[in-house]
Amino acid sequence: MTHPAPPLMSVAALQTFLAQRFPQIGQQGEGALLVEAVGPMTCRMRLKIGDQHLRPGGTVSGPTMFLLADVALYVAILAQIGPVELAVTTSFNINFLRRPAPRDLIAECRLLKLGRKLAVGDVALMSEGESAMVAHATGTYALP
Amino acid sequence: MTHPAPPLMSVAALQTFLAQRFPQIGQQGEGALLVEAVGPMTCRMRLKIGDQHLRPGGTVSGPTMFLLADVALYVAILAQIGPVELAVTTSFNINFLRRPAPRDLIAECRLLKLGRKLAVGDVALMSEGESAMVAHATGTYALP
Amino acid sequence: MTHPAPPLMSVAALQTFLAQRFPQIGQQGEGALLVEAVGPMTCRMRLKIGDQHLRPGGTVSGPTMFLLADVALYVAILAQIGPVELAVTTSFNINFLRRPAPRDLIAECRLLKLGRKLAVGDVALMSEGESAMVAHATGTYALP
Amino acid sequence: MTHPAPPLMSVAALQTFLAQRFPQIGQQGEGALLVEAVGPMTCRMRLKIGDQHLRPGGTVSGPTMFLLADVALYVAILAQIGPVELAVTTSFNINFLRRPAPRDLIAECRLLKLGRKLAVGDVALMSEGESAMVAHATGTYALP
């Protein structure tokens, strides 16, 4: 396999792009959704967990995990190909593995394929400071 | 096939259960998540769409569609077996088919299997007043 | 929703196309994979079950069910848009619901979306003569 | 995370178990389906590709990839918990990423969760000698 190209967008550029184009991401709380690192075909994101993300019993809700995994895949694609507002999720599969702790959620995403029309990636979600996955997702984006 | 049993919980009982046990559902907006109908192994729900559910371009966000589909599957299970707080989603697959209109979102759910340990169902999501699906989901819940 | 167009290919034309272009379908046994009906955005197929499709305990194997569901989705697409050899499966999700009987397997497929680049459909699999699904699948094909 | 326990079954024991209990695996060709390695929560398998696995254009068929991924997940579970004939696949999601070469197919499987009732794992499929995945699968088995 040829080595993947380095990403075109930096952590700071990605964070700015998200804030400008997706104001509703601010609903997660001011500064709650953070791009922490990008690399060739990979990224790491963090969601600062607040009350609005919790379910009874103090565990992070499923839709919150879906949201973070979906955004992480989008960010990994943007990082690699540059700002593309019109990429849209076409399918998403998520397995919930363990109850997340009521702590920040970390997403590690890697792109498995970056074609002309489709990008596919998977995402591991972990509670901060733990290595066991709380959820694993695989998704596809259609590229414009 | 034997006919499925009628549901054990009414629309009103389901709505009350959701409000009491899942206060964070109120985040979708006061009275935004409505159980509209239940039947044997089926239910229909509505999400009143507000600004917080929209993406740039005026379309309903993916996490919003995931949320509604996930809750609809949970409600279809509750309706059939009675109030069970501890049922948890184990896997979920969703295909996004068309851009939803910025209108209420309707979910039609049917249970495909209701076993002792696992329940499986699928969910069709439509913009109000249209028959074309905007998304289709399949999910599994583990039963306590 | 506008009514879908009628299919472009007949049952006989589809059966001939499969036999000519996919000789390995013959591995399922001579005449084992049958197109039974086509309609607007739908098709029904049958797999005649032989010893090679069974698992210990006399149940149809998972890969056999996957094969039938995948072919049914392909046939529903071909029926609608005409013979297109190069359509390829990009993703597939299947839930196994009940042990199939050691009898013929029936697939009922409907297309949920038929776009320019992607087609999405779902498939219900039943043992012949029963209405309860043994498996439910959702898949995506990329169109050339 | 605590370290996973070492596997209970060896490569040789797994190969013998498959041959005795799943004679239809022999349909893939004599000795075609090989357990190559097991580790804590992981295994690697090989499918020797023959004519019966190929599609027009000399590429490995989708059902063949599904079969190998499904068996690899089963073997990873068996390796870890010992011979359990009655584990059954409950759901499976597979993304097809690139055309496989007409060469042996390698599966690298890891278990993401091994609970009392459910096991979840993912599988990377590669053509022999290449690091780029041709397909990626995630599946769930119900344990007896």
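For reference, chains read A, B, C and D in written order, and residue numbers begin at 1 within each chain.
Rule of thumb we're sticking to: a contact is a pair of C-beta atoms (placed from the backbone, for glycine too) under 8 Å apart; a residue touches a chain by one contact, two chains touch by 3 or more.
Remember, it's a predicted structure, so these values are computed and weren't measured experimentally.
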Fitting subunit B to subunit C on CA atoms, where both chains share a sequence, rotation angle to nearest 5 degrees: 180
Comparison of B-D and A-B (more C-beta pairs in contact): A-B
Centre distance in Å when subunit B and subunit C are each reduced to the mean of their C-alpha atoms: 28
Subunit B and subunit D: spacing of chain centres that average the CA atoms, whole Å: 34
Centroid distance [mean C-alpha coordinates] between subunit B and subunit A, Å: 24
Residues of subunit C touching at least two other chains: 90-91, 93, 95, 120, 140
Contact set on subunit A toward subunit D in their complex: 1, 93, 95, 97-98, 112-113, 120, 122, 130-133, 136, 138, 140
Of subunit C, residues touching subunit A in the complex: 90-91, 93, 117-118, 120, 140, 142
For the subunit B and subunit A complex, residues of the former touching the latter: 21-22, 24, 27, 51-52, 54-56, 61-63, 66-67, 70, 85, 88-96
